[in-house]
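Have a look at these structures, which come just after this line.
Shared chain: chain A. Partners: chain B in the first complex, chain C in the second.
Our next item is the complex of A and B:
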């Protein structure tokens, strides 16, 4: 799994690629928590390169949502593959997260 | 032959005899040290025996082995022999590059220092702290597969002479064997430590299985039967199920799947099942219980962990089910007399522990004779075969349509089908199956 962070002045994009599971999700968590410590908003997680995500990966995104919520920040996820979208829909997490089809849409206020 | 030539020949022969004796001693020492190296897996005892031997062969006053700590970048005295051994073992450390031992560790090459007072690399701090007087040092690195494990040194020849290059060669040869033995001893220690962790996990596994009901007290004239199984991917897991009597004629039944797996999920599950039993008794209906559990889990949320969970109450006289689904896979409802295969959808809410407040809507269903409910966690759908194909809901339905007599039979048959599907592939996620039949 690879995690790239583009930290702009007033927003950040975390681009993740590869499988996100129990063993790889800590790397994504590190990127998210670092941005949350700086109270960056909005934070957009670009999942276009992720075909598989288990519940550990979902929990990491839930943590991002909870952390940004504490400073009234915005946390969005974008570009979900069919497999990842199914994981979110199966658990009704599509009601929890702001999910966008493209990165551009996610970055628009 | 003139007498002078005879004398020369005798001297040459004596010299050759001496050289042969040294070689014999050299190989004899190597044999002796190889015996020591295989004598124990106890790291400290092994080093102590090697140092005792080295000190004797090198006719030295003191010796020590310092091990390299990768985390701190320091050489730490592990075992020392001689007058001030205890003081050195207690707190003597050197940075890599500091002192003779540090130099040897950094440059990874052995060194003879005939007179430390004439060598700028010598670090006098240890002598100042202990009162020992170091005169000469023979020092060698301990290296295995290009990895620095530490350094070994012997100090001060008792006869006052200096160590020779031949001594260094012999000591370095010792140390190559010592390094392998030290590495083996470290691996052995890790193995023992892993075994202890494994034992603790096995105990934790037994304790966790004890949280889950093994059997369900069903009387002969009861209209329902219930069976369940929980198979963690490792020794412990984050799936749970429970069935409790809330009051005569009313059961509380739940199945849940905590995010992640292994020990963190198991700890989350352990506290949740305890909270569930307490909260379920506080209210007769599922919605308040789930709402309060969600509130508690969100309040103490750690690293975004959450649980998908179904909670239902069953009136054991009328067959009326009331249920709330928090993000869990809806159970299959099989109407055996007609062969209908349905899903108990209800109104699915979000998983518990993510946000509060959250809406959980209660739904109800009337069981009719022949109804069978099959609950499961998504681990069953993650079971892959050698070709990477997952076990599907369709496969579960095939088993349900087959021949089985009791809920226990059906649970066993589903487990058998999943196990057969996975073959030699290891179980990837926790698997829980619960079956409820209504007569």
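Our next item is the complex of A and C:
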């Protein structure tokens, strides 16, 4: 899995690629928590390169949502593959997260 | 048809990618749709993740034995660990509580998602646990056509 962070002045995009599971999710968690410490908002997690995510990855994103909520920040996820979207739907978290089809939409809104 | 594959891995999260690929290929051989291949793979991944996190408490040197049985109408997967026994009653309560929370749009929290996902995607989930010999988690998923036939048979 690869995690790239584009940290702008007022926003940040975390682009993740590869499988997100128990082994790899700590790397995504590290990127999210570092931005949350700086109270960056909005934080957009671009999942266009992720074909597979298990509950470890979902739990990491839930943590991001909770951390940004503490400083009233915005946490969004974008570009979910069908498989990743299904996991969010199964966990019924699709109604909890702000999910966008494209990165542009996630950044513009 | 009843083809069997046995895999023995150490409780290292790094091994999960290999397990997922094997489960996905076995599910494809049975004839599952892409969506169901993903569902079975996810359930096994979550089962192994729970073993690593809870039964072996993160240790990478425990053994996990995975037996895959492929039938004409279903796939059966048994996950065996040799770690600490689990409280099956507590686990059922956790799944039920989590479901209720989600139904009522209750608090969003990261814990307990894996078990809930397993129960959501598999047709049968059964735990057999012992303080001396660990736990066996048995997962069964039927091909959709076969499942529809069974449901139709029950309703007539």
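Heads up, the rule we're going with is that the second predicted complex is superposed on the first by the 108 of 109 C-alpha atoms of A that agree within 3 Å, B and C clash if a C-alpha of one lies under 4 Å from a C-alpha of the other, contacts with A are read in each partner's own complex, and residues count from 1 in each chain.
Everything that follows uses one rule, which is that contacts are C-beta pairs under 8 Å (C-beta built on N, C-alpha and C of every residue); 3 or more make two chains touch, one makes a residue touch a chain.
Just so we're clear, the structure is a prediction, and the values are computed from it rather than from any experiment.
Participant: Could you tell me if A:52 is touching chain B, chain C, both of them or neither one (first, second, both, neither)?
Facilitator: After superposition on chain A, A:52 lies in contact with chain C alone.
Participant: Considering only the touch criterion stated at the top, classify A:29 as touching first (chain B), second (chain C), both, or neither.
Facilitator: first
Participant: Tell me the contact category for A:92 with respect to chain B and chain C: first, second, both or neither.
Facilitator: Both partners.
Participant: Touch test for A:19: chain B only (first), chain C only (second), both, or neither?
Facilitator: In the superposition, A:19 touches chain C alone.
Participant: According to the stated criteria, A:64 is in contact with first (chain B), second (chain C), both, or neither; which is it?
Facilitator: Once the two structures are laid over each other on A, A:64 reaches chain B alone.
Participant: Identify the partner contact of A:83: answer first if only chain B is touched, second if only chain C is, both if each is, neither if none is.
Facilitator: In the superposed model, A:83 contacts chain C only, not chain B.
Participant: Which chain A residues lie in the overlap of the chain B contact set and the chain C contact set?
Facilitator: On chain A, the residues that contact chain B in one structure and chain C in the other are 22, 54-56, 58-60, 62-63, 65-66, 90-93, 95-96.
Participant: Would you tell me which residues of chain C are touching chain A in their complex?
Facilitator: 13-14, 16-17, 20, 35, 38-39, 41-42, 45-46, 49, 52-53, 102, 105, 108-111, 113-114, 116-117, 120-121
Participant: Per the contact definition, I'd like the list of chain A residues that touch chain B in the complex.
Facilitator: 22, 29, 54-56, 58-66, 69, 90-93, 95-96
Participant: Show me the residue ranges of chain B that touch chain A in the complex, using the header's touch definition.
Facilitator: It comes out as residues 257, 259-262, 301, 303-306, 308, 327-329, 348-351, 354-355, 378, 429.
Participant: Given the complex with chain C, which residues does chain A contribute to the contact?
Facilitator: That would be residues 19, 21-23, 52, 54-56, 58-60, 62-63, 65-66, 83, 86-87, 90-93, 95-96 of chain A.
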